[in-house]
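Please go over the structures that come below.
Next, two complexes with subunit A in common: one pairs it with subunit B, the other with subunit C.
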Partner chain A sequence: MNLGFRLQQELSFLLKSRAMLGALLLLLVVSSGSVALGLAYVSQEREKIEELIVLDTQERDYKRTLAVDYGGAAYDAFHAAWNAPSDLAFAAIGQRDLNPTMMRVRALALEGQIYETDSINPELALAGRFDFAFVSAYLLPLIIIFAFYDLFASERESGRLNLLSVSAQNTRSLWVPRILFRVLGIALAGLVPLWLGMLSERTALGSAIGVSLAVLLQILFWTVLVLLIASRSAFRSETAASISVGMWVVLTLAIPIAGKVYIESSVAGIKGAEVSLVQREVVNDAWDLPISDTMNAFYASHPEWADSPPITGVWHWKWYYAFQQIGDETAAELAREYRESIVARDRLTAAVAWLSPAVAIQRRLEDLAQTNLEASFAFEDEVRGYHEKIRRAYYPVLFREIPFSQERLAQIVIPDFQISQKSGEGD
Partner chain B sequence: MNTIALIAGDELRYWRRSKVAWTVLIILLLVSTCAAFVSNAEVSLRAEERLAQQAEADAIFQEQPDRHPHRMVHYGHYVYRTASPLAVIDSGIDSMVGTSIFLEGHRQNSATFAAAKETGLLARFGSFSPAFVLQSLAPLLLILCGFACVGREKENKTLYQLIGQGVSSNSILLGKSAALLMVALMALLPLILLGFFATGSDTFDFRQSLFVIVLGYFCYLAFWVFLIVSVSALLKTSTQSLSVLLGFWIIAVVLMPRLAGAYASTSVPTPSHIETTLRIAEAMRSEGDSHDIDDSAFVDLRTRTLAEYGVESIEDLPFNYRGFVALQGEEADTEVLNNFAEERMVQELEQKSAADQFSVLSPIVALRAFSMTLAGTALQDHHHFLRAAEDYRYNMVQTFNRLQMSAMTLADDLARNSSAASNQRTRIDSSNWSQMPVFELPPLAHEQRWQAASLAGISLGLWLLAGFLLLLFAARRLRL
Partner chain C sequence: MTECALRANELDVIRGNKTVLSSMSFEVKKGEVFALLGGNGAGKSTTLLTFMGLLKPNGGTAEVFGHTAALEPAAVREKIAYLPENAALYEHLNAWENLNYFLSLSQARPQQSTLRAALDAVSLPEESRGRPLNSYSKGMRQKVAIALALLRETPVLLLDEPTSGLDPAAVEDFHNIIERLSSKGVAILMVTHDLYGACQVAHRVGLLRAGELVDVFEAGADGSVDITAVRDLFLQQQVA
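Right after this comes the complex of A and B.
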């Protein structure tokens, strides 16, 4: 028997096996569905961002026309910041739903503003996202189990195994084409919809290769695992199926959930609400402190404004903005701890990924799609930088006590938000 | 009846001998017991944390010094969500929604710091609760246990002996079902015990809900049992049965809930939080700034009020007009805010019912809704928290605005930023803050939960009926 004939024969076997074709069709449909829904999601997000920019500018321009002093103008001037979905975000929506992707900040204390999240429907979020990352983490292994659990046992149980072994030149030429065809079918049914999605999104070649490799690795891992189980001649096909499905439950459900329970109990003390509480206390206590206390503290850390004329009354905008900034500076340490505790949890999650291929592939895809924790912190940092720019734009007129005029106000121009890193990549 | 029991006993004895079935059984019981312990520990820890945080926030609030009441309006207050007693069996949306809301004047903040956000990626893999185990894992383990229950007898040719001895095919299938149902009941036991201990005489309506929840889970598991036995009877080989049952499990349990969510969020799109904020700002332009009594939006109000009290100027009014404007402004603002908030909740409920339509395609979608709703951890309970927090916010702010009206003169209030003496006179006694009632969140009314769960309950009943009819059909086919 030559190889060409064997391949042809196996292809016709594959096409005749209704169960296998059904499984491949299911994978194809689900994979296509996840890609289509992912594409719809990112295009909705982009629309929302476009809309945000328009509405935000309108609102700011309107508020400026009402301004009667610089402090009030800054108080009313929110500036939009957004984290546009990447060219691969459709495949792994990741943490984008729970972490903010759009926000509006103003020159007041940032710690009171930066933890606002988008409103999600919690009941829908609970079920989990139907994106390609889900398909590759959950469904793909199940299809592989389905394809291979009775590869050997079915022939053995039907009594054909010996006959086949005798007629084939060697056992390798008997099984290798069959395995290859099934793997190829699974890979194509899973990946072709993704490739089409990436074409329409013009995904960078690097990410496209990265995500395809991750999926192939996942297929390889599960194929080897299931074949190892199925090739044990002591196992009937049902036993092989039960053990494979058991492995799936352990690797895809039990380990991640146990990891979650462990992580939540070992890195306790996440007190996000405390950060904003501290910031609020500092900001509000300032009202009851002598103005000079706040100003001295502010000038100590910001000597560039120390020559500003002293405040004589019981109220001044520059005092107001000074204690806002002090509020941020006081909460900074706590905010850092808050972030570090989340990063510590993420580091433990990375350890769990070594035990669970489902976690590993989700992390890899979210990393490539820039929808992971790191990306959301990077965005947060961008917003912090932007907020600093907004503050600095208003400080000269406030601390130099320049008389108010709409003309001078018009000279305070804050450029639109831009992610520095991304524009750097484009150059 | 006797034959059914005999067949069931026979099946149980077979499992005892078969290593795979026995292992599966033990795993199922172990997992569902562990889930009860872990879930209980997690939920009570979270509840304690929130109680402690609420107590801290209350203490800080009450300790505030003498202040201008409008300062307290901006100082605001934090309220925390308390979970329902049955969150131990089904934590539902608890980890997905923010645990605290900052309440202040002129705006409605959203609930922030959701647990899932702080846990990261792993939060999406489900929670180790009795609900998760029974909804997702139990059907799978029942399949592994029972997929060959009739097929095996066919392959060993013992089935036709039984029928030949005059055992009816109905009895055979019911007997097999009874054996599997016993396993299902054992898996349910930890949930029942945990729910029973978590509820007491003070939460009696939750104990009643528990009873109905258990009934729902029983319907769900009984459906799976009937399905497994029927498929095993209908198909030629056990391997075929296993493939079909696993395929159904993948589609119904793994795919459908997520597909339902994706369908709902795409078919009923909701505006982003920021878009809503901006639309609110736009709608509020005409409301005027209630900090500024000279705002043109309040010209009408001034004329009306002066006429009503028969005085010439705002200084002659028997109260501080500035406080009055704040009171009126907050009322008008709140109306706009509430309209948007209610609109948002309606949209979310629409999304939920769009997702719940998938109950027709998968029983787990029906059971999830049923279980969460009755356990008091569903979307409507979150809305209930948001409404309660808003009520509290509004009452708090208006209490302070009324104090501003009555406790100081307009002249002092206007001069508070220029004269130290006026500033001192506009600060009111701190006992006013400590007298504020603390935030309490009574659970959603019993009837409301039952009513919201009724549709899901009916679909669970229909799934059970469908399973039973399938069993009868399979029994008929077996006779032929």
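Right after this comes the complex of A and C.
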């Protein structure tokens, strides 16, 4: 047995194939490009977060020096909240493109603040993000098709298959090394840029292994599928190519699109902007209602402030904040429905993933990178909790009608936003 | 008694509705050169494919040193070297690389000097050996394929139109190689259109017509098969 010589010859054979080398180089370039863009994206996000924190604090401190009452101080005090990218977010931007990752919240009605970005994000959703998940889902299978569609047919059509078959001791020794080297080349061209990216991000080992396995599984799936097609002796190379590309169209385009159409038609869609609109309408209507109507409604749901002195004039900050909160509470049911509809769509998308490896790998990478819907909702929940802290910090001085002083204002300390520490370890 | 290297025993091959080989029987002994002569579609290449275990016969057996090709293809292929009609080697590789690649498939690891000797034996010009085969003439490619067959050093050689595309000098060289191998005990089954070449080099010439072996001519005392008798029957057959 001269296995070493056999492998050396097969490697040399691969390296002499210009078409295959070109395909591997293309994959390497595309994969590197996606990783570089992803790294630039997360780096930019982190810089923006740093900048936001500094500027936010500076502005809040400055505005406080100008404050003449607590209500005005709360009105002007924006508090930064952010969802820092995980150590794998560069590979799968996921929901970070669609949902806010940085916000400035204040004690006013929250729903409008949360959903205001819904009016601009469809443009991003339409274009999609060129990230490593995209390369793995859509481009990687095309390279695999190119590598294997004519593996057998090209030998048959050139009249070489009989000579190869007679020369080889068995079929395995002929095809297995050739297939293995191509798979290895594809895996390295696809994964090495990702590994370098993970090294620079100090990605947790668990996530690194998880994402590598997901990509290898994707390579394995497509390799087996294309080889099954290519091994049909009745198929000429162009037939095998057409069927393989047809499978790619079905599995990566047709099924996800059909799934999307089905999901959109079967799950009633509520827009985030509708939640904002309901909340805004309540807030706007409140200006025309008697103050007592608003306050009675507020005290009914927040009895802890019911002993607050009655409002005698035409304006009071506590009335203003009361109708802001009622606006939120009125929109709460719709906001819950909105989230439920998104969750329902996400569940159906997860079902589509069983039929489409492209959807499956994107979702898996987003899960590992914590850029999935769950992570997005977790951030939203953190923001809601933080906003509640801001309200609770100002409500005592507003509803107890504590006389304003800078000293008392200085005692209102709202801690910086803290998101639950991301584990970065995937599952 | 000389050992039988190849034996076709009542071989029947049917492809689709067409009978390609019909009750074909013959033997090739060690050191013997047996040429199968026939027109297009006579079943020449099918016979070779059956002996290589690449085609299962519908009836009968093709045996190589007692191993049935359809049942023991690996054992059979160990003993066979094959020279296809169109030297289908890799165009982007040079002669050395082609030889090394194909030999690695049979787990052989030849020395560079062995490769050189084989290429010298087929008279492939030294300066062309490092160039990719896409710069070769058909005859030069055929020479590399012949060198590959020689390097396998198997006891059986199957040749499919071996002199196709070779110039007269190369044909003469090739015949010399065949005679040398035959004298070393290699059994050679050659299928060809080349009436003159077959009669010159073969110990026996079989005439194939529509899958049937219609006659076999033996070489005379001068070592050649009587070309006139073979030609007459061959031409009759072509007209028929």
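Going forward, the second predicted complex is superposed on the first by the 406 of 427 C-alpha atoms of A that agree within 3 Å, B and C clash if a C-alpha of one lies under 4 Å from a C-alpha of the other, contacts with A are read in each partner's own complex, and residues count from 1 in each chain.
Criterion: a residue touches a chain if its C-beta (ideal position, glycine included) is under 8 Å from a C-beta of that chain, and two chains touch if they have at least 3 such contacts.
All values derive from a computational prediction rather than experimental measurement.
Participant: Would you check which partner chain A:102 touches, where first means subunit B only, second means subunit C only, and both and neither mean what they say?
Facilitator: It touches subunit B, and subunit C stays clear.
Participant: Return first, second, both or neither, reflecting whether A:256 touches subunit B, subunit C, both chains, or no partner chain.
Facilitator: After superposition on chain A, A:256 lies in contact with subunit B alone.
Participant: So in the superposed three-chain picture, is A:284 touching just subunit B, just subunit C, both, or none of them (first/second/both/neither)?
Facilitator: first
Participant: Would you check which partner chain A:52 touches, where first means subunit B only, second means subunit C only, and both and neither mean what they say?
Facilitator: first
Participant: Output check: A:5 vs subunit B and subunit C. Expected answer is one of first, second, both, neither. What do you get?
Facilitator: second
Participant: Should A:13 be classified as contacting the first partner (subunit B), the second (subunit C), both, or neither?
Facilitator: After superposing on A, A:13 lies in contact with subunit C but is clear of subunit B.
Participant: Which touches a greater number of subunit A residues, subunit B or subunit C?
Facilitator: B
Participant: Touch test for A:174: subunit B only (first), subunit C only (second), both, or neither?
Facilitator: second
Participant: Under the contact rule defined above, give the subunit A residues that sit at the interface with subunit B and also at the interface with subunit C.
Facilitator: none
Participant: In their complex, what parts of subunit B are in touch with subunit A?
Facilitator: Going by the criterion above, the answer is residues 20, 24, 27, 38, 42, 53, 57, 60, 65, 67, 71, 74-76, 78, 92-93, 96-100, 102, 109-110, 112-128, 132, 136-137, 140, 144, 147-148, 238-239, 242-243, 246-247, 250-251, 254-255, 257-262, 264-266, 269-279, 281-282, 285, 344, 348, 351-352, 355, 368, 372, 378-379, 382, 416-420, 423.
Participant: Once bound in the complex, which stretches of subunit A touch subunit B?
Facilitator: Interface residues on the subunit A side: 19, 22-23, 26, 30, 33, 37, 40-41, 44, 48, 51-52, 55-56, 59, 62, 80, 94-95, 98-99, 102-104, 115-130, 134, 138-139, 142, 146, 150, 154, 157, 237-239, 241-242, 245-246, 249, 252-253, 256-261, 263-264, 270, 272-273, 276-277, 280-281, 284, 287-288, 313-315, 341-342, 345-346, 349, 352, 358-359, 362-363, 366, 372-373.
Participant: Hey, which residues of subunit A end up touching subunit C in the complex?
Facilitator: Touch residues, subunit A against subunit C: 1-3, 5-6, 8-10, 12-13, 16-18, 158-160, 162-170, 173-174.
Participant: List the residues on subunit C that touch subunit A in their complex, please.
Facilitator: Touching subunit A from subunit C are residues 49, 52, 54, 74, 77-78, 80-82, 84-86, 88-90, 92-93, 97, 100-109, 145, 152, 158.
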